[in-house]
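The two complexes that follow have chain A in common; it is paired with chain B in the first and with chain C in the second.
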Partner chain A sequence: MTAPVLEGRKEVAARPRRRPRRRTNDRLVGWLLVTPAVAYFAVFLLYPALSALYYSFTDWNLRSAASWVGLANYSDLLFNDVKYPHFWKSVQVTLQYTLIAVPLTMVAALVQALLVNSIRRGANLFRLLLFLPVVTAEAAVGAIWRWLYDPQYGLINSVLGLVGIPGQNWLNTPELVIPALAFISAWQCGISMIIYLAGLKGIPGTIREAAIIDGAGPWQRFWRVIVPMLRPTTFYLLVTGVIAALQVFGLVYVIFSGSGRSVTGGPEQSGLSYVLHLYLFAFRYDAMGAACAMSFILLIFIMIITALQFRFVKQEAS
Partner chain B sequence: MSRVVVRGAAVAVLVAGLAACGGGGQGSGNEKTLTFWMYQDRTPQAGQVIEKVRKDFEKANPGVTVKLVKIPKDDYNTKLGGAVASKSAPDAGILDQPLVSKYALDGTIKEVPAGLIDESAFYKGALDTNRAGGKLYGLPADQTCVALFYNKKLVPTPPKTWEEMKATAARVHQADANVAGMNVPKGDGYGAWMFPGVVHGAGGQMVDDAGKKVLFDQPPAVEALQLWVDLLKSSPRKITDSDKPFENGLAAMTISGPWDVPTIHEQFPDLDFGVAPLPYKTEAAGNIGGEDSVVFSTSKNADLAWKWLVFLTDAQNNGVIADAFGGFPVNLKAQVVASGPEQAAFLEQLKVAHARPAVPQWIQVNDEIIAPALESALTGKATAQQALTDAAGKTRSLLGWTG
Partner chain C sequence: MTRARKASIYVALVLLAAVSVVPFLWMLATSFKHGHDIYTKVPNLLPVDRKTGEWAATLENYDYVLNVGGLGRAFVNSVWVCLILVPAKLLIDALAAYSFARIPFPGRDKLFVVLLGGMMVPTITLLVPRIHVTQSLGMFDSGWGLIVPNIASVLDIFLLRQFFLSLPSELEEAALIDGASRMQIFWRIVLPLSKPVLAVVTITSFLFHWNDLVWPLVVLNDPDLYTLPLALQQLVASPDGGRAYYIMAGATLAVIPVIGVLLVFQRRILQGIAFTGLKA
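Presenting the complex of A and B:
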């Protein structure tokens, strides 16, 4: 943010006839402009993050003074299954969720974007309808999907029944919980859909025409033209999607809490996502130090995963 | 630039100083302000009741202002934790029962001064929820419990014992395979919270009174878990996992609390249901919930704060206060406001209600160890004995107990 201002200053310096007074003013204006952003960053992001880093090396219950324990939180989380019996379970749940939800969301988004892009009339209306799940309050999403997945009255089971598939107890069968949650996240793919749509609009019409002249059918055009041209978009959605999926919290929280349900993460901890586990330790089990350590383990993990993606996934359009 | 910052800071300090002067009048002389944190009002009427009690207290104590800070229940523990961490805790406040022992043992709340109350004037179960290490750290504000809800069409007379309960459930499910006999609690945090009441019904305990020995691997607890496992035969999850199975007539019996009675009457007016004390094996028993009130160690008006808490729990006020909080009085002499045939069963149940173990990490044990153990038995992955023996071992390791 400071860059343009500094350049401006250089320009001023290059013209010796200007009064020096102006230089101070520019600097002042520059600082004034960046102050809100810098202050926000420092107070609400940097300071809490650094405090969390400090507390991750302490035993702290929010009430008594924090006592320094060094790396004990980290080693206990990773190796002590008496203190943290479900830590690795939460890692497993989160990885499973990410592996299913991210591809499912991206495919759903691409399909929706292609459909919206291909229709001539009412594209705005469909775009709006497909985007609605994103702006719906998470609590309402939870209520709606609990109802859709209901083993007795659920719409999902009724539809499956029409094609002869027996009804399932979706949110209460450990093996089905993650796919069921991933499906909800795919339903909420509106933002990815908009980004794909922008990517599709960015493909020059000439390329498509050239492909048609060369005799490429719709299928070939999709695989040979659209998919390669969308690669930067896909890469962006993959990286941001994986980061978001590894931090999934709101969805599991609303699905497995409320009206007498407890927040312990669904049947047999099958929906105990990493961040839900972290939240429970921070605010329910009074172990803020361990919760902070969990957040830094997650940070490191996300950094590694993201770096690997940058290294091994193709990013350029071709 | 730094000059600007200094000037800005000076202005800010000045403004803050003026504001402090404006509000500072109350601190001087005999004027005192008491801050009390509580849950948000359940209904506007409840808010009026509390407001009246507040005014009565101010009238009886000239110069005192009671400031009530109302916070949504879901955010309450988080906000309170934050306030304590940032040294801005109120003088006194409501505290969730399982948090009392935690807050007591790390010195966040004050011990009840000797001679403040006559302990025999209170329901024992409710008062016991304020104990930690044998000492009293708060006063109960109201109490509540769970009892058996039964559908009168399917269950004409409610079962009194476990055997009757199993027989009733089996009969209902046999008559109509689409109806479950009982909405069996699940192996989650809520189910684990209800479980001790059933264990007490077989004459057992989760941990010993001293809070040093795990007892939930003993026969009473195993039998209690076996009861739930047995009930599943006539109560398939596929039916009871549906939304509101009892209300929709798909489960003949369920366990719930007084808070559900008005909701069911309002939303399901056609459902003909009754409430009875929980069935038991050897002795009538149940577990207790509700709100406790405590004084924080940082309070500068502790004496006044205790006076206010006593005021809330005395024979005259506790009836209306408890009703406003959605529970029952904790003072034996207080008038019960709630009426209706259902209330009698809850009052009956409260007489035999037990406080949950006063172990600081109990919520964690409840969620992370007991709940999964219940679930593994209920899904048939382990026998009741195996599941609880395993859980007891984990609990001993976690808490560092030998017994």
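Presenting the complex of A and C:
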């Protein structure tokens, strides 16, 4: 980078000596500036990732030394339902939640983005109001929704009562727990809405006009122009949404926290998300090795799901 | 667009906005109500007396959660953590990003790719061993344990580097020829030109750490060190958990600062989300 510039200044006497000095200097300064970040990376990312892999093959808690058990954690988690009775339940809960929450959130986000995009006056205000739930701490979200879902005095049941729907005990009825959680996720669709809005702004006006001239109605324009043009956005939101939903934790933890630091998985473990289960193993049952194995099962699962999504989209495109 | 269609769009938007905002209004109203006034068959979005319907707001819920419920101390802790963590993280990330973007040093690009690879690992996978590392460093259950394990972010380095790369390099080259050092260039030229991205990174990282529940939850035992989200969760989990008026006062304390930040920096935040996509 500096070489061509210095080339033009050949008359500078110091040139042959300056260049190498600048280089050694760059080498030093360059490394110096990245050192804090690289040290952080090594200590809090690389080492934990590798040691998590190692510990997943051991029987380990924070007080004792780890003892090697080979693949026992993995095989026990997957097949030993005496030792880990709720493992598959947590998988089922998490998959159900993902399958409901992700599409619901994306549809809500797209609808909101289309509406906001089609108005001029007040667009910024609506965008802001719809974004509000996103910046809210999950501890506060959990607290607010516990109260909203309150079976006796909660706002949800009161509103449903006004239109004649009987109130439900949302967070205490096993079949209703996941829909209730998915609704909270859709309530927080503001980020996806903003990203969809950016996608909509990226559709050239000429394409829309051409479709209108060709006689396409709004419905046709939506399915034939907007949806295809938003494919990259939708794909991005799908991949990141699935990855996030598979790791749902903080919200469930707050919603189902009991006295002290105890936490249940909801009625009949119906809210026992995979990561909540992992957390319980690591920090309640003191089975760090098993928790590490669970985290790698999740990691592998996320990688497979993401690869499949990429594959699927490629096939669709060709 | 016909008037009827336009009107129906606004009606739909008002309904959706109500769904997103009413929970907050209800939170606020509940937080100002006397205990007995929250138990009504027909919900009241204003703090009024259950029987007479007259205005009956009170601050005693805030008094309780701040002084008895431990949220006052937690609020101060959260402020301290953010005040130290956010600028320190920004500095570390910006220095690294500048070096990766502009200073040719051997092994730079390979190192950067390795760092990016680290972004692929879900944080939950790192959680348990990170606790172990924090313990080994003697920072478990301490204020430093909240700060140091979060003090850099590969994603932020990536975003800052992208922005630095987009700056015209002529200015920096001219400064180099005039004998400016790399650090002078960083402070005097690169940072002033990068205000938009610095703002986005600062705001998103504040929001993230102000709201973060998981890390404080696993790294802290001492209630004196609790941050606001953790103290709020503890309040929910305590025997007071059934007392929605306390909980909602606590939730309001956690929510108000971020809503303030959102209102002040809305343009930057919303642009930043569209630009980075990932964080909230």
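The working rule: the second predicted complex is superposed on the first by the 283 of 318 C-alpha atoms of A that agree within 3 Å, B and C clash if a C-alpha of one lies under 4 Å from a C-alpha of the other, contacts with A are read in each partner's own complex, and residues count from 1 in each chain.
Here is the rule we go by: a contact is a pair of C-beta atoms (placed from the backbone, for glycine too) under 8 Å apart; a residue touches a chain by one contact, two chains touch by 3 or more.
For clarity, every value in this text was computed on a predicted model and none was experimentally measured.
Novice: Name the contact category of A:Y74: first (chain B only), second (chain C only), both, or neither.
Specialist: It touches nothing on chain B or chain C.
Novice: Of the two partner chains, chain B (first) and chain C (second), which one does A:A198 touch, if any: first, second, both, or neither?
Specialist: second
Novice: Is A:L62 contacted by the first partner chain B, the second partner chain C, both or neither?
Specialist: So A:L62 meets both chain B and chain C here.
Novice: With both complexes superposed on chain A, which partner does A:F301 reach: first (chain B), second (chain C), both or neither?
Specialist: A:F301 contacts neither chain B nor chain C.
Novice: Contacts for A:L155 in the overlay, against chain B (first) and chain C (second): which applies, first, second, both or neither?
Specialist: Only chain C is touched by A:L155; chain B is not.
Novice: Would you check which partner chain A:F235 touches, where first means chain B only, second means chain C only, and both and neither mean what they say?
Specialist: In the superposed model, A:F235 contacts neither chain B nor chain C.
Novice: Decide which partner touches more residues of chain A, taking chain B and chain C as the two options.
Specialist: So, of the two partners, C touches more residues of chain A.
Novice: Figure out whether A:Y285 sits in contact with chain B (first) or chain C (second), or with both, or with neither.
Specialist: The first partner, chain B, only.
Novice: Answer with first, second, both or neither: which of chain B and chain C does A:L132 touch in the superposed model?
Specialist: second
Novice: With both complexes overlaid on chain A, does A:A37 touch chain B (first), chain C (second), both or neither?
Specialist: In the superposition, A:A37 touches chain C alone.
Novice: Need the overlap of the two footprints on chain A, from chain B and from chain C, as residue ranges.
Specialist: After superposing on chain A, chain A residues 27, 31, 62, 146-147, 150, 152-153, 260-263, 283 contact both chain B and chain C.
Novice: Applying the document's contact rule, which stretches of chain B touch chain A when the two form their complex?
Specialist: Answer in residue numbers: 1, 4, 77-78, 81-82, 84-85, 102-103, 106-108, 186-191, 193, 237-239, 241-243, 245, 250, 256, 361, 363-364, 367-369, 371-372, 375-376, 379, 394, 397-398.
Novice: Mind pulling up the chain A residues that touch chain C in the complex?
Specialist: Within the complex, chain A touches chain C at residues 1-2, 5-6, 9, 22, 25-27, 29-31, 33-34, 36-38, 40-41, 43-49, 51-52, 55, 62, 111-112, 115-116, 118-119, 122, 124, 126-140, 142-148, 150, 152-153, 155, 158-159, 187, 190-191, 194-195, 197-198, 236, 240, 243, 247, 249-250, 253-254, 257-263, 275, 278-279, 282-283, 288, 291-292, 295-296, 298-299, 302.
Novice: Quick check on the complex: what are the chain A residues that touch chain B?
Specialist: 27-28, 31, 61-64, 82-83, 85-86, 146-147, 150-153, 169, 171-172, 260-264, 267-269, 280, 283-286
Novice: In their shared complex, at which residues does chain C touch chain A?
Specialist: 1, 6, 9-10, 12-13, 16-17, 19-24, 26-27, 30, 38-43, 92-93, 95-96, 98-100, 102-106, 108, 111, 115, 118, 121-122, 124-133, 135, 149, 151-152, 154, 157, 169, 173, 176-177, 181-183, 207, 210-214, 217-218, 228-230, 232-239, 241, 244, 247-248, 250-251, 254-255, 258-259, 261-263, 266, 269-270, 273-274, 277-278, 280
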